[in-house]
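Take a look at these structures.
Consider the two complexes below, in which subunit A is the common component and subunit B and subunit C are the respective partners.
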Partner chain A sequence: MTRVMTFLTRRRGGKGWHWTDIVTWVWLIGGLVIMFGPAVWLVGSSFKTPAGLAEFPPTILPYATEEVTVEGYDEPLPLFEVTLEDGSTAILAEARRIGLVAQMIDPNDPGEPVPVNINDRSPVRELSFEIDNYTEPFVHFDFLQYLYNSVFVTVMATIITLVVNSMAAFALSKYKFTGRNLVMFLILATLMVPLSVILVPLYSVVSALGLFNSLWGVILPTVATPTGVFLLRQYMLTIPDELIDAARMDKASEWQIYWRIILPLTAPALAVLAIFSVVWRWNDFLWPLIVLSRKELYTLQVGLNVYAGELNVQWHFILAMTVVTMIPVVLVFVFLQRFITTGIAGAGLK
Partner chain B sequence: MSAISDIGDKTGAALAASVKWAAGIIDPPLRWLQKKAGFNGMAAFFLAPNMLIFGIFILVPMVINFAYSMTGGGALFLPDRVFVGGDQYGRLLTCSDYSRPITCTEDQFWIAVRNTAIFVVVQVGLMIVLALTTALVLNKSLRARSFWRAVFFFPVLLSPVVVGLIWRWILQRQGLLNYILFQFGIEPTVWLTDRFWAFVAAVGVSIWAHMGFYALILLAGLQAIPKDLYEAAEMDGTRPARVFWRITLPLLGPNLLVVLVLALIRAVQIFDEVFVLTGGGPGTSTLFITQYIYEIGFASVLRNPGLAAAASILMGAVLVVLTLIQLGVGRRKDPKEAAK
Partner chain C sequence: MSQITLTGVGKSFGAVQVLRNIDLDIKDGEFAVFVGPSGCGKSTLLRLIAGLDTPTLGDIRIDNADVTRTPAADRGLAMVFQSYALYPHMSVKQNLAFGLENSRMPKAEIEERITEAARMLEIGPYLDRRPGQLSGGQRQRVAIGRAIVRNPVAFLLDEPLSNLDAELRVSMRAELAALHKRLKTTMIYVTHDQIEAMTLADRIVVLRDGRIEQVGAPLELYNKPANRFVAGFIGAPNMNFLPAKVEEPGGEGFFADVLGESRQAVRANAAAVRADQPITLGIRPQHLRLARENEDGVEVEVNLVEALGSETVVHTTAGNGDPVLAVLQGQRPFNAGDRITLGLDPENLHAFDETGLRLQGN
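Our next item is the complex of A and B:
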């Protein structure tokens, strides 16, 4: 394609633009705005005060009106740039406002207030990050607990997933035993049945085991992923059996073979599965929503949804907590993108 | 900074040491087990944990789902439930006029089915066209291609709750979209409380969130097409449009089919981001099947687990058919693709 393009553009003489180049750049710039824009808008908004959020027209970055403490007034007063009657401009603080007329005073020389029409002034604004949006939900609401629950679920589920899936994959790739095909078939069959199809019976099984309203009830149903077993098995099949035979001659136990030979050699596939498992478990929503009904057990996703569903949505807190919920996934994305793209392009993981 | 990484290294080393120690300490009992069971007997040991969890939390629920779908009442555990045979299916499938959901016994189910059907067709159709265009654009010789790939892929990893909330914030009355439209002199609309626009938003937001995933698979497919075909076309002076229809599209065919079926499977189960975005509303305009199952099985006051199980089996049947097609297509192309 590239060569065809160079060839075609060359024929048009020098660096002429073909219509596909224009489409390409329109698509890329449009994509940048549409795909990245909403996230940038979210992060910018999350640092605004409730007043800043209600502002129209909105700004991307969080601005707030500058304030100043003036002698004789208890509260800090907002600053405005005022066009005076003689045409000059001055920075004045607003003492009070009645209708269209504001009483303004000079903060450096607080004397008699000057009446100013509010159309003749504009607020002095500065960049200001409202950090309280982030600290308040942790201190005064339960978000610290939710964060802890999410981290616990993600870490535990990922560790168990790696251990049990790699053990099963080892058995299914390096041993010949009766029933191996049956096991493979069962795992293959469940690929067709996502969690959303077995919600009701799974709920009853989890309740019967006493795991309702328990973080383990969230973790355990997700760890025996058929996808993980498949991915690891495919990778282990490429490890030569001679290595295992040689280890057996040297009197290594089967456990040592798994632990000292197979696992280290499977590291790249384990890394891919670990990354995906972290993202999957961190993002899980429907199942935790069903299993967890007590507030102190909510994961970030469930807690965030509950808070956002309340009648009196406090957007400044919700937006900040949405950013917090996004952070681990963004970090994974920034640092481990290579693993993710190979995982998807190579094995169709999601 | 170096102090932090030092602490990281130390905890990492300590963690690795303790894991090594744990692995070493269970070796002697496992050696004894191996003596009793033999080499191949150890396969059972390695399979056991996964199969145990798999059996309890996937296989058993799959089987008893059928039993649930044939019982009635509000009791949770199967032994306490009343056998009703095919009544739940009958209730779901009875309509006096199948073109009008309102005449059905379970009108909510039919509304959800109709909504899901429209959603699947529109969302999958649009998304594949957009993903293919994106893949073609990214396949050109671009500077900083990995950056541009990241731009389109990035929303895929975001959680459905984050996606839903970002867009609720943008689509609200005083939101960004209304402001942008206002600049062009268009009257503000409350997007998510309008039946039509809420559905459009559900389709658009789910495309925004998932398109990059399919673009990535298609891009991998494009890069696998042998370069000499294009060189041959270049020698013959073939027009780009002809190159696309005669080389790119036919050779990308298997990938496109995999992507199509994957997208269909996921669109049928659409739930979380729409649930956060609209809650199924306004009214029932964005009510989809998974949400129907969730409502009737768990959230509604008139909980009916049997009905929810029956509905989920009907949805499962559709998914099984789609997956079989996908496995058939995937097997023919590349066994690795069949892994999900």
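Our next item is the complex of A and C:
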């Protein structure tokens, strides 16, 4: 703990505060707020009621007005802290409100209602988590079906991406053939072409192949990524050729060289690509939206769209489900990130 | 049996010719060392034999079977690489087993061979470690072990000791020599270190610029270098070269004028030289001695004296400005700037013609 404190309070200017220390702290804290603030707001707001969401000014945490059941009233009544005419304060429930005047009653002694100006009262608020935001969609919304579709697309696409890209990278980094650089250049050139440009032709191809309205139609066009090939190739270039020569002397076939020597040694780069691929595929919206038109095939991101109607957006459900869809990506990142930093043990080469 | 024969082998990378017309015959059980300066093509030659590269010309035979186009895996050879090239993600044991598993050997036999190799190389305690957890010398043993378990017809070693520190190199050198004695398998060893070549080899192949300069037993190369390059390359410290001119036949060969200041008898076939032919005389530093009274010698100026106790290394400059190194027995009271006269004995003189070839009869 003391070491953490020494680390945190370490300053460039020795004893005093150098101006760079202040800039650093402002920069870091500002960055934290900007990057992390929306995520915190999202999680907090996902527990709010629709009314809580509409409140201004917005709050980070979900607050709701406390309610009590009062004898003689069917509905629970909201509680308010009221400043009475004699200057004392009391906790009263609102029976009804007409214009600027509310009829308030004492929940413990429900007698004659007291008229109170609404400016003389403030709601009694407590932290309240609206769990329904989460449970409701599980019941009425096909969450599990969408989750299954999303997981299927993400896992399959990631596995195929890793295999296909690493094979391409292996050939491009370890075999010498004419046109190798041209092929590499062409692959990198496709980085310049955004999805929206090739959307229509890609749709025609997928449709002609009968993959329209199929999860494979979402998976297959995305598996060959120039970024992945480039990333893996650059990493494989650092694996010494002598290892491959040694494997050849050891009677390994080309497939075994790839599978048993190159792939395990590329693990750190594969982990990075796996993270990318999972995040890309999980968050994919436009392409699945185009390919999938049957509701039971929707992925989560497309499925969430049903809460955004033309006239009415059910923000509380959207926010809650967004939190749920974020969880897997965050978990993947947390676990694979550790794997990357650990790396693989030792190098057999000098 | 594993005789390796190379006939007219050449290798080019694009327009660059790395090896030209290599003819070589390595006998069964022989320890052959390829030696030469960097870039002479010795590693390329080894890779051609291994099958990791294919020659552009000529053919390679192992036990009379043409293997020129045979893939590396099917030649039955094992190779030890300069960087060891151990698979970093596998344990020592898996490293040793990898080649055997690939040839679909039964598990029990793999186990047996690994145990035997581990015993021989004393790597038993590290079998479960990763290469990254081993020291340089241990990795070296594992690399050799990986070759041994294959039970190859010949071992190819590509500068295997160059990554070790000096002390370890000496002890590994001795172990390699002992290993060769025990296994009696053909070994081809590439090095740029002529001491390794001299101590290990049955036969040394000296290469330069993609050509074989001389093939022979270590002492044969030392005593009768075929040309100036081999003379200068083999032996430490390097041989001294002095320009000379043929004067007249006489003695056991002819007399030569060294640097225009001294007359020396040279043992060679006098009929093969003509008068006034420029030649080069070579003499090893150890063979130089101080000239006796009135003896015709080469006068040199002392630059630096290194007294090692048992011997004195004297760096000098000859009259024509060429450096001459002399290793004199015992302790000598010289100082820089002294002028001394060095005597040459005809039996230790190596004579080369203007193209650098050794003179006939020398």
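FYI, the second predicted complex is superposed on the first by the 249 of 350 C-alpha atoms of A that agree within 3 Å, B and C clash if a C-alpha of one lies under 4 Å from a C-alpha of the other, contacts with A are read in each partner's own complex, and residues count from 1 in each chain.
Everything that follows uses one rule, which is that a residue touches a chain if its C-beta (ideal position, glycine included) is under 8 Å from a C-beta of that chain, and two chains touch if they have at least 3 such contacts.
These figures come from a predicted structure and were not determined experimentally.
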Tell me the contact category for A:162 with respect to subunit B and subunit C: first, second, both or neither.
neither
Winner on subunit A touched-residue count between subunit B and subunit C: chain B
First (subunit B), second (subunit C), both or neither touched by A:249
second
After the superposition on A, what does A:208 contact: first (subunit B), second (subunit C), both or neither?
first
After the superposition on A, what does A:265 contact: first (subunit B), second (subunit C), both or neither? second
Item checked: Which superposed partner A:77 touches (first subunit B, second subunit C, both, neither) -> neither
**Prompt:** Is A:153 contacted by the first partner subunit B, the second partner subunit C, both or neither?
**Reply:** neither
Note: overlapping subunit A surface for subunit B and subunit C spans 248, 253, 256, 344-350
In the complex, the residues of subunit C that touch subunit A are 47, 50-52, 71-74, 77-79, 81-89, 95, 98-99, 102-103, 130-133, 136, 139, 146, 150, 163
Counting only contacts in the complex, subunit B reaches subunit A at residues 23, 26-27, 30-31, 34, 39-40, 42-47, 49-51, 53-54, 56-62, 64-65, 68, 76-78, 133-134, 137, 139-142, 146, 148-162, 164-170, 174, 176, 179, 208, 212-213, 216-217, 219-220, 227, 230-231, 233-234, 238, 240, 243, 248, 258, 262, 269, 271-272, 276, 279, 290, 293-294, 297-298, 305, 308-309, 312-313, 315-316, 319-320, 323-324, 327, 335-337, 339-340
In their shared complex, subunit B is touched by residues of subunit A numbered 1-8, 18, 20, 23-24, 27-28, 31-32, 34-36, 38-39, 41-42, 45, 54, 56-58, 163-165, 167-168, 170-172, 175-177, 180, 183, 186-188, 190-194, 196-209, 220-221, 223-224, 226-227, 229-231, 234, 248, 253-256, 258-259, 279, 282-283, 285-286, 290, 301, 304-305, 308-309, 315, 318-319, 322, 325-326, 329-330, 332-333, 337, 340-341, 344-350
Residue positions on subunit A within touch of subunit C in the complex are 240, 242-243, 245-253, 256, 260-261, 264-265, 267, 344-350
